[in-house]
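Take a look at the structure set out below.
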Amino acid sequence: MMESNKTTRNKLSKKDITKLGLLSLFNQSGMNYQRMQADGWTLAMIPSLKKIYGEDKNGLIDALKANLQFINTNNYAAPLLMGLGASLEENNENRSTIDSLRVALFGPIAGIGDAITWFTILPIVAGITASFAQQGSILGPLVFFIVYFAMFLARIPIAHLGYSAGTHAISKIHENSAIVAHAASVLGCTVIGGLIATYVQIDVVTKIHVTASHTISIQKQFFDNIFPNILPLGYTFFLYWLLKKKNVNPVTLIVLTFLLSILLSWMGIL
Amino acid sequence: MMESNKTTRNKLSKKDITKLGLLSLFNQSGMNYQRMQADGWTLAMIPSLKKIYGEDKNGLIDALKANLQFINTNNYAAPLLMGLGASLEENNENRSTIDSLRVALFGPIAGIGDAITWFTILPIVAGITASFAQQGSILGPLVFFIVYFAMFLARIPIAHLGYSAGTHAISKIHENSAIVAHAASVLGCTVIGGLIATYVQIDVVTKIHVTASHTISIQKQFFDNIFPNILPLGYTFFLYWLLKKKNVNPVTLIVLTFLLSILLSWMGIL
Amino acid sequence: MMESNKTTRNKLSKKDITKLGLLSLFNQSGMNYQRMQADGWTLAMIPSLKKIYGEDKNGLIDALKANLQFINTNNYAAPLLMGLGASLEENNENRSTIDSLRVALFGPIAGIGDAITWFTILPIVAGITASFAQQGSILGPLVFFIVYFAMFLARIPIAHLGYSAGTHAISKIHENSAIVAHAASVLGCTVIGGLIATYVQIDVVTKIHVTASHTISIQKQFFDNIFPNILPLGYTFFLYWLLKKKNVNPVTLIVLTFLLSILLSWMGIL
Amino acid sequence: MTVTLVQGISIALFALIAGIDFWLEGFYIFRPMIVCTVTGFLLGDLRLGIIAGGLTELAFAGLTPVGGTQPPNPIMAGIMTVVIAHTTGHSPATAIGLSLPFSILMQYIILFFYSIFSVFTKKADEFIAKGEFRKFGMIVLMPTVIVAFAYAIFSFLSVYGAQSLMRTLVNSMPGWLSHGFTIAGGILPAVGFGLLLKSMLKTKYVPYLLLGFTAACFIKFGNLMPVAIIGASLAWIEYGRKQRENKINKQFKDIEKSLQNSGGEDDGI
Amino acid sequence: MTVTLVQGISIALFALIAGIDFWLEGFYIFRPMIVCTVTGFLLGDLRLGIIAGGLTELAFAGLTPVGGTQPPNPIMAGIMTVVIAHTTGHSPATAIGLSLPFSILMQYIILFFYSIFSVFTKKADEFIAKGEFRKFGMIVLMPTVIVAFAYAIFSFLSVYGAQSLMRTLVNSMPGWLSHGFTIAGGILPAVGFGLLLKSMLKTKYVPYLLLGFTAACFIKFGNLMPVAIIGASLAWIEYGRKQRENKINKQFKDIEKSLQNSGGEDDGI
Amino acid sequence: MTVTLVQGISIALFALIAGIDFWLEGFYIFRPMIVCTVTGFLLGDLRLGIIAGGLTELAFAGLTPVGGTQPPNPIMAGIMTVVIAHTTGHSPATAIGLSLPFSILMQYIILFFYSIFSVFTKKADEFIAKGEFRKFGMIVLMPTVIVAFAYAIFSFLSVYGAQSLMRTLVNSMPGWLSHGFTIAGGILPAVGFGLLLKSMLKTKYVPYLLLGFTAACFIKFGNLMPVAIIGASLAWIEYGRKQRENKINKQFKDIEKSLQNSGGEDDGI
């Protein structure tokens, strides 16, 4: 039914896709609770769609309207979806195909993206650079900045990937994504285990006075004898349990941690 | 053919099963080579069966007679089988079904139970609490006692598990038990490896006098250079080989170890 | 068609096979680029074939001619193939079957043999004995010699294995060999990782003078802070990349390493 | 030490830029690692900034805006940790605790913005419908601008305006109270890690957590690279394994299909 | 030091209780860890008891009554180790060796009981047949009572009766002999571990044994928790893996079944 | 120190034997570990020989003749490392570097032999055809004899003949140059390991490489046994796993076959 337009669609150049990747930076510029990233997303898509539709202004407006629907995805996954969308528009796919693909993908891809960027890369980079920073070395913030600058630039190849992937690759992405997410979880959980041991610090200062001259340090003679860092591990799991099973708000836990710390400091235990 | 009785069977309460779990303590009270735990087992079953059969004294006596057959299972697995048996009696299953199930299960379940309780839990608890005890800390025996008191109490939920499992679960138990046993073996073997390194002590004291002033310690300069604790590992494997392939009696090995130790002490080697 | 000869073939004794295993030592005695080990291989086969063919001199010469074809296999795998060949001749298999089997097998078996002997056993034995030797202990060369003497003797059981394996086992060997090679690679790569960390030594001596009294050691404060032995790992991977992707000649790399070392020594960096 | 007017303004300017960056999640200069370092630099105490950056980054490691939620604000936490440590002389660990009210307040301001910015959407639709793309662009960028100014103003007030009040307050704290804040700063990362675990940890990943924990306990090294490498190796091995499992599952599905075909409509016979 | 009559009696009483516990395998207070501690307490040297408990527990770790067999008796080993160390001043490690004859003797007594208690079974059958449940209960508990008294008497004689004899014997031992006993005490756990391996070790578990061994060699820590945690992690990972393998095997069986059905009696067409 | 004529001859004799061994790859006394030790012994400095053996063995670990290629010659490297260290007083690490030209020269000589020995093959064929087996044996052994003498002569010239030239050359080296050779000796093993990796490393083995590397970095022990044991354990576990996978793959193939049979020619119904 759209046969008439088919001939008028223009092809995007490599440069256009690169630009699209960079523009994906504006994905969250119009963030709001009603349709989340939709406005910013559309802003980023305008130049590409303009070129694709060329003279066909009505087609362009229809396409943009379709893009202005609720979307909320990971910001490093956004260029992937944008590139994909652009390639579909270019090939004159059905409006409904394009739209439903976007809707179908943004959720799962957000999940994988968050697992990799927020839950694996960030803690690892934070953990390693913090160990430099805590010795006062500028290497800490420097490496941190370089990594995330590279992450920003990665938007460009990601956009190209999405563009060249086209529709065919979708099932493939889906299949491999589960494996990638699994591997990322393995890495992430291992590192978080290490982070807990290294960065959560709980030291019981209480000593038990057995005789006048002989005292037992609770920390050294008890906890450290059972397992090093057992209190940090225990407290983290306690918080995890509150978060997961009791649905407690994180801010509540922060406040709780403070009150507890102050109380135990006042009692001379920590 | 037992239709007439079907209406007279009573249901056990939660409390009854709890009592059954506690009574399983008497499983070995009448231990003997003829039919092993059969008498103690039956003793533990009496109150439950009494309640189930109510007025039907002949039924009760028949059931008890059936229970007085050879049985030998792990003591933490016994309440599981008892609970299972009670549920079957309650549901008026065929006498032969009940009996053959007990006979079919006590062996395999003893295997799994032994793997978990004797070969995994005991060495781990022993290894960890002994490390406290050897420093003279009361924590050693205390933790040991607490663990095994908890193990005793575990008989109650285990009995409930058996009772609620009923017949349907049997194939399930069987299936998972192989996996559980596998995992337990992995844990157990890892820990035993650690125990060998930590608790078997063999130190060669012989020194070779190269020159008047220069001596070489066999232990430090030879064995410790190859691998730490290589002698304990070697000797343990030697005993293992005698036990497994030559079917040597453990008491013989104990005596052998003593004679060897005394001999090598006399020769000034150890 | 060879029915007439069938009765004249003689059986080899155990001793004959043992001798074959020992004679496999001469596998490379006539090494040359035209047909590699073929001449030495044939030399080793003569006594066995003589006995098998007995009076049938023409058969013997035919068999030897067939053996004089290009072959190049791992030297510890050679006795396996020789034993196999002997058993086939003995059973009066088709000439073409025997020949094509030898040709089909020598390549893959060389691969597995090289993986195990050159790439796993050698680096491990070298790594461990070198750690003794570097302390000046005679244990180093002694253990090395004993291991390889045992390896030489292993030619005997390997020849027996090949002989008893016969044709039937070939698919089996093929199947298991992939698994063995996989396991050997796992072991080999783990050990090579360790070797890189232990035996490649690169220490940057440059210090940065921040103030007159305060200097920063590049090695200790930078590289060692990131990861121990990171330079050896990096350089090894760099060479690996040159070898694998750029097909650079190893001798070139040796020369390169020397020139680089001398240059950096002259510049005072290493 | 006090914060001068120039310092206050320059920190506010940096907050404006970092605020935009956090809004867009662009270059991650909004993370405490960078925010603290820059603030320290602006206050003339770079070293303090870097150290505080390390501590605060970790304390906020798990506090992420995933799924469109808002965590306690990392920018205000970063700025105020350094400012408080600098002006009151407390350790950064204590200062993290004291910076938290500012961080949480900013979190609520952003949440408020998320709600009210919905009002722009109607106008945006109209501009698109009419094809007025420039106007559409301006209205979409409006929220970013508003947010940026909010950061600038809020941080200027917190850093420069409230500083004497802050100092009095902090200096009158009894020892156990500031010690309590220090302790809290040390325990705080647990919240973040708990959050990370909430979204990552399934039963099957517990052993990896334990392995990482044990490795970090017994490998004495200044950073987490060894643990990360062990984790990466395990992940790599698992990756290969899962691929083979997927292949197997696919083969099963193929067989099922051909079974159904041959079983259902055996028309070839 | 000598053992007083009161101490002798109280140890005998404890042996009676622990004996019942071992007979029933109830609370595991029959294990050397507890037996030694209590004996040490009763002799007024708790610390010695605890230390000996640790050593003896390990020496007996693999000596279990699995399958209705009888190991060298842990109760008598525990009691006599502490008593000998206490009265002769030898180290617990040496005392373990010297306690062994008592332990093996008691093992044989129990084995003897296992045999003769068969005589009660006929009576037990009769009581059940007649419905005399109380009498049945008494006859079933009879072995427990007999065993209990055997423990009390045997331990009293060993601890109190034989003590001067024991002391003379031990004190006249030459140095190399008592050193030999010490060494034996250190090697003894190998027997137990060998027994454990006999029932657990299959070829496929050897690598885990080696990993645990290596880990324990190089992780410097006072107890085995690190190794246990590593082992538990590996076990956990294996558990998940086996489950998936089981699933695959089940799928194969299902396919085979439907293959047989469709191949054999294709009556649906 | 100088090399005496007797020493020169005895080294040449040893080179002859080791040369045959390398040609046949028989007892591996051609590896630097043995060559250096024996050379050291012949020069009256066994300890130097052993230490140089350890170093040179590692430097040549990956330089193997796999696939009929020729690596830099391990025999000449071993001999000359010890000789140079002995005569010039330089450390073995430096000497490895200086021995390399000899090693590479010998490599080329062997390569040359590989080519020309092809001329014997025609004669060999003839002898076989005529059934003259003794003559065949002699012509096949000829290359071995030639190679043996080449080793003897080349090593005698290098060790004894060129020694004063060598000493002058080495002693006139500036400090940075000999230091450069020392450094090169320390880095040289990387070439061998790179070669090993070239033939072994697939992507799926990288994690094992990293695990071994990390283990060696943090386990403080004098040799690589711990890493080897960890590697062996992992290999063992993988072995079992692969076997199960193979079984699964076989089952798939069986099913496929029976599917094809039942689908294609269902002649049983």
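Should a chain be cited, it is by its letter among A, B, C, D, E and F, assigned in written order, with residues numbered from 1 in that chain.
Note that a residue touches a chain if its C-beta (ideal position, glycine included) is under 8 Å from a C-beta of that chain, and two chains touch if they have at least 3 such contacts.
Small disclaimer: the values here were computed from a predicted structure and weren't measured.
Colleague: Determine the set of chains touching chain D that also touch chain F.
Modeller: C, E
Colleague: Hopping along touching chains only, can you work out the least number of steps from chain B to chain E?
Modeller: 1
Colleague: If you tally contacting C-beta pairs, which pair wins, C-D or C-F?
Modeller: C-F
Colleague: Measuring between Cα centroids, what's the chain most distant from chain B?
Modeller: That would be chain F.
Colleague: Between chain A and chain D, what's the gap in Å when you average each chain's C-alpha atoms?
Modeller: 10
Colleague: Distance-wise, how many Å sit between the C-alpha centres of chain B and chain D, to the nearest whole number?
Modeller: One centre to the other, that is 50 Å.
Colleague: Could you say which residues in chain B touch two or more other chains, in rising order?
Modeller: Where chain B meets two or more other chains at a single residue, that happens at 132, 137, 225, 227-228.
Colleague: Provide the list of chain D residues touching at least two other chains, using ranges where the numbers run on.
Modeller: 206, 208, 210-211, 213-214, 217-218, 221-223, 225-226, 229-230, 232, 234, 236, 248, 255, 259, 262, 266, 269 - these are the residues of chain D that touch more than one other chain.
Colleague: Spell out the part of chain F that touches chain B in their complex, as residue ranges.
Modeller: 221-223, 225-226, 229
Colleague: Quick one: which bits of chain D touch chain F in the complex? Just the residue numbers, please.
Modeller: Chain D residues touching chain F: 219-221, 226, 229-230, 232-234, 236-237, 240, 244, 248, 251, 255, 258-259, 262, 266, 268-269.
Colleague: Considering the complex alone, what residue numbers of chain C touch chain F?
Modeller: 25-36, 38-40, 42-43, 46, 50, 57, 60-61, 64-65, 68, 72, 75, 110, 114-115, 118-119, 122-124, 126-138, 140-141, 144-145, 148-149, 151-152, 175, 178-180, 182-202, 227-229, 232-233, 235-237, 239-240, 242-244, 250-251, 253-254, 257-258, 260-266, 268, 270
Colleague: Enumerate the contact residues on chain C facing chain D in the complex.
Modeller: Contact set of chain C toward chain D: 225-228.
Colleague: Quick one: in the complex, what on chain F touches chain D?
Modeller: Interface residues on the chain F side: 204, 206-208, 210-211, 213-214, 217-218, 245, 248, 252, 255-256, 259, 262-263, 266, 269.
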